[in-house]
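Here's a structure for you.
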Amino acid sequence: MSATLDELASRFSCRVSGDGATTVSRVATLSSASPEAISFLANPLYKSQLATTCAGAVIVDAGAAADAPVPCLVCDNPYAVYAQVAAVLHPRPAPKAGIDAAASVDPSATVAAGAEVGPKAVVGAKASIADGVVIGAGAVIGARASIGAGTTIAPLASIGDAVELGARCIVHSGAVIGADGFGFAEHEGQWIKVPQLGSVTIGDDVEIGANTTIDRGAIEDTVIEDGVKLDNLVQIAHNVHIGAHTVMAAMSGAAGSTRIGKRCKVGGAVIMVGHLTICDDAMFTFASIVTRSVTEPGVYGGSLPAEEASKWRRNAARFRQLDAIHDRLRMLERQVDEQLAGKTKADD
Amino acid sequence: MSATLDELASRFSCRVSGDGATTVSRVATLSSASPEAISFLANPLYKSQLATTCAGAVIVDAGAAADAPVPCLVCDNPYAVYAQVAAVLHPRPAPKAGIDAAASVDPSATVAAGAEVGPKAVVGAKASIADGVVIGAGAVIGARASIGAGTTIAPLASIGDAVELGARCIVHSGAVIGADGFGFAEHEGQWIKVPQLGSVTIGDDVEIGANTTIDRGAIEDTVIEDGVKLDNLVQIAHNVHIGAHTVMAAMSGAAGSTRIGKRCKVGGAVIMVGHLTICDDAMFTFASIVTRSVTEPGVYGGSLPAEEASKWRRNAARFRQLDAIHDRLRMLERQVDEQLAGKTKADD
Amino acid sequence: MSATLDELASRFSCRVSGDGATTVSRVATLSSASPEAISFLANPLYKSQLATTCAGAVIVDAGAAADAPVPCLVCDNPYAVYAQVAAVLHPRPAPKAGIDAAASVDPSATVAAGAEVGPKAVVGAKASIADGVVIGAGAVIGARASIGAGTTIAPLASIGDAVELGARCIVHSGAVIGADGFGFAEHEGQWIKVPQLGSVTIGDDVEIGANTTIDRGAIEDTVIEDGVKLDNLVQIAHNVHIGAHTVMAAMSGAAGSTRIGKRCKVGGAVIMVGHLTICDDAMFTFASIVTRSVTEPGVYGGSLPAEEASKWRRNAARFRQLDAIHDRLRMLERQVDEQLAGKTKADD
C-alpha cells in the first residue's frame, strides 16, 4: 500500500509540514529508511538520528518538526500515529475464509462462513467460531469454547473447553487458556485435586502473548477485561481478574484470586502473590515482587540491580547482617546519648 | 449429579449438622451460592460471608458450624472434603474409548482399548498407552514413551521419546516433558553439545502445569516421584529429582541435578540453583532464590516486597552502599570505644 | 556403537593411559558405570567417585589420571571430550527422509529430498526446508520461513512466517519463534497495536530450549547469531540482538532492543531491561536483574539468597528502613565528630 502525507494527515488528524503530496509506501527506522519510507521519532534516545535520516517523511511532535530534514506528519503522539500509519501501509492479510481440508472440526461446532480454520487445527464439539476469525495451523479450540468476531488464534495456541474470547483478540502461539488452576487440598501429607469448575472469560481487543498461561477459575471464572495486553510467558492463575486496558510485560504473573485494576502497567518479570487487590492506574517497575494490596494509584518498585559481582557480594553479605547492624547502630546511639548527657551534666 | 448431605457425610466421614436429607447438586462460593449448591469455608478471609450465604449447605469445621445459617457437613478439613464433594457432583467425563480418525498412531505403538486418542494427536513408534488414558487433541507422544493407566495428556502437550509417566497423572497443555537438558561443554569460546541420553521418569498421581518444562537427564533420568504437583511455567532441569508429594507453584524452577525432598512446598517464582540437596518438608516462600542446600525442615524465604517507588529507590541506593555503611559503623564504634576508654581513664 | 580408547584418543587428540585396546560401547556416570561404559571426571564435586568406579575407562585431565583405577583418555578438557565421545557412542538417528502422509505441506513450499517432515507437521506457503532437516510431529513452519540444512525442529515447535534459521540448529518443543513483539502505543488510556513488521534471523548451530519465545522485530529483525544456546522458558523480546556463542540459562530474558555481546554467559532467571548494550564476555550470575548497560567484560551479580525465614524477615524489615538507618548513622558521625573536636579543643 502507499499513501500521501495529506491522506495520512487527514485520516489521523495530523498537520503536514512540507510537501503533502509526498508518497510513502512502507515504514522504516530513522537510521535505515530510504525515500519511499516514512519513519517516526517517539523515543528521545533516537533524536540524533532525525537530522540525517534518508526517510521520505517522518512522524514527529511539534517540538521536533523544525529539526526534521524531510516532510513531516506533525502530531501530539507520534508513536500512536506511527502505529496506525504502519497498519495502513502494511495491512494484515484478510482471513482466507474456509476450513482447511486437514483441519478437524467437530460436526456440532459452528464455524462462520467468513472464518479461516488452518491445517491440523482442531475445533471441538459445540464450539462457536465467529466471522473473520483465523484459527492458525495446529491450534486447538476446546468444546463449547466461543471465539468472537475478528479474533486471531495463532498456530499451536490452545483454547480450553468453554473458554470465551471476545472480538478482535490476538492469541499468540503456545498460549494456553483454560488449563486447570493449581488447586489441591492437603490431606495427610498428600494432595487431593480440587476440581477446577470455572472457565476463562476474555473481553474484546485483548492480546495474549506466546506461551502465556491463563488458568480457568476454581468455581467462578478467571476474567480478563477489554483491551488487556499480556506479553509472552505471563502466568495468570485461577480466579484472577484483570481490569480493562491493563498491560503486563513478559514473564510477569499474578497468583490466585488477585484482582488487578484498570489501566495498570505491570513491568516485565513482576510477580504478585494471591488474594491481592490492586487499584486502577498502578504501575509496577521491572522485576518487582508484589506482596501487598495497593490502594493508591502510583508507581511501585522493588528490584535490586546487578552490579560488578565482587561489589555485589560485599553488599549482599552485609544484607545478611542487617538486623545485627541495626542493633549495633542503636547501641552506639545510646552510648553517644549517654556521653552527651554526661557531658551536658559535666558542663553544668 | 446430586447427593444428600447424609450420603456425602457417610462417604467422606463427616458429621451432619441440620437436615441430612438436604440435596445438593453443585458447588458454589459462599457469596454466589443458591439453594441447590453446597459451599465451604476453609480460608478465614471469607468467614464473614458465611452468615449471609444462600447455599443449600456448607462444609465447615466444628468451630464454624455454629455460625452457619444452613445445614452443614462438619469435618476437620473442609477444603479436602470440598475437593471430594466437588468431584462427586461434577464428575469428569469418562474417556471416549478409541482413536480419532484424524489421529496418527504408529503401527508399532500399543494403545489400550479403553484409551482415547484425540484428533491430530500423534503416538510414536513402540509407545505404550494404557487403559483409561486420554490423549488430547494435537498432543504428541514420543517413540517408546509409556503412559500409565488413567493418565490425561491435555491438548498440545508434548511427551518426549522414552519418557515414562505413571498412572492417574494429568499433564496440561503446552507442557514439554523430555526435551534435551541444557548441557554444553565449552571449548575454545564455543559450545559442544553434550548428548542428553537419559529420560524422564514420572510416578503416579503427578500433575504438571501448562507450559511447564521437564528436561531429560544427561546420562541417567530426571525423576518426579508420586504425587508431585507442578504448576504452570515451571522449569525442571536435567537430572533433577523431586520427592513424593512435593508441590511447586507457578514460575518456580530447579537447575540441573538438584534434589528436592518429599512433601516440600515451593512457592511461586522460587528458583533453585543446581546441585543442591533440599531435605524433606522444606518450604520456600514466594520468589525466593535458593543457592544453598537445606538440611533442616522449616520455612525459608528471600524476597523483598515492592514499595512506593520513591521510597524503594532511596533504600535500594543505600543497599549499594551497604558495605561502606558497615565500615562507617565500625569506625564509629571504635571512636566511641576509645572515647569511653579515655573517659574511664580520665575518671580514674 | 563401540570404540577402543586408541580410536577415541586419535579422533579427539587425547593421550591413552593404560590399555588402549579397551573397548567401550556407552557412556555412564562414575557411580553407575559398568565395564562396557566410559565415564568422565569434570566436576570436582564427583572426584571421590573416581577411585571406586566400575567403568571400563574414564576421561580425565592429567591431574586426575594417576587416581583412576581404570584406563584413561587423558586430555585438557574432559567434559568437551566426553561430549564428543558420547556423540560417537550414542549417535542420533539419521532423518527418515520424506514427508509423512499425515503432514500438511503447502504445494508452494520447497522441501529437500533428504528432509523429514513428521506426522501432523505443517509447512506453510513458500517455506524452504533444506536437506537433512527434521520437522517433528505437529510442528508448524510458517509461510516463507527458511530452515537451514541439518536443523531439527522438535514436535510442536512453532516457527513463524518469514523466520530464518541457519544450519544445524535445534529448536525444542513448544518454542515459539516469531510471535509479534509486545508493541503498543498508548492513546487516551487505551493501547493501539504497533504492527510487528520485522522477522527473526537465527544463525547456524543455535539451540533453542523448550517453550522459549523469540519475538519478531518491530521494523527490523530480532537477531540471534551463530552458536547461541538458549535454555527453556527464555524470553527474547523484539529487536534484541544476541552475539555469537552467548548462552542464556533457563527462565532468563531480555527486553526489547537490548543488545547482548558475544560469548556472554547469562545465568538462570537473569532478566535484562530493554535498550541495554552488554559488551562481549560479560557474565551474569543466577537471578540477577540487569538494568544498566555493561561496558567491561567481567562477572556481574545481583541476587539475595534465601535464608531461614525468621532471619530473612528481620533483615528484610531493616532493608525497608535502610535510608533511615543511613541518616541515623550520619547523625551519629556528626555527634562523635563534634565530641572529638570538642575534646581536641579541651585538650589544647
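Each chain gets a letter, A, B and C, in the order it is written, and its residues are counted from 1.
The rule is short, and it goes like this: a contact is a pair of C-beta atoms (placed from the backbone, for glycine too) under 8 Å apart; a residue touches a chain by one contact, two chains touch by 3 or more.
Worth saying up front: this structure is predicted, and the values here are computed from it rather than measured.
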| query | Rounded to the nearest 5 degrees, what is the angle of the rotation relating the C-alpha atoms of chain A to those of chain C? | reply | 120
| Interface sides of chain A and chain B: same vs different residues, half threshold | different
| query | Between chain A and chain B, what is the separation of their C-alpha centroids in Å? | reply | 25
| said: Please output the residue numbers of chain C that touch at least 2 other chains, ranges allowed. | reply: 120, 138, 156, 174, 211, 233, 251, 303-305, 307, 319, 321-322, 325, 329, 332, 336, 339
| remark: Within the complex, chain C is touched by chain B residues 104, 120, 122, 124, 138, 140, 142, 156, 158, 160, 174, 176, 179-180, 182-187, 189-195, 197, 211, 213, 215, 219-220, 233, 235, 237, 251, 253, 255, 270-271, 273, 275, 284-285, 288-292, 298-305, 307, 311, 314-315, 317-319, 321-322, 325, 328-329, 332, 335-336, 339, 342
| Inside the complex, what are the residues of chain C that reach chain B? | 27-29, 32, 42, 45, 77, 79-80, 82-84, 86-87, 90, 92, 100, 102, 118-120, 136-138, 154-156, 170, 172-174, 207, 209-211, 227, 229, 231-233, 245, 247, 249-251, 263, 268-269, 286-287, 303-310, 312-313, 316, 319-323, 325-326, 329, 332-333, 336, 339-340, 343
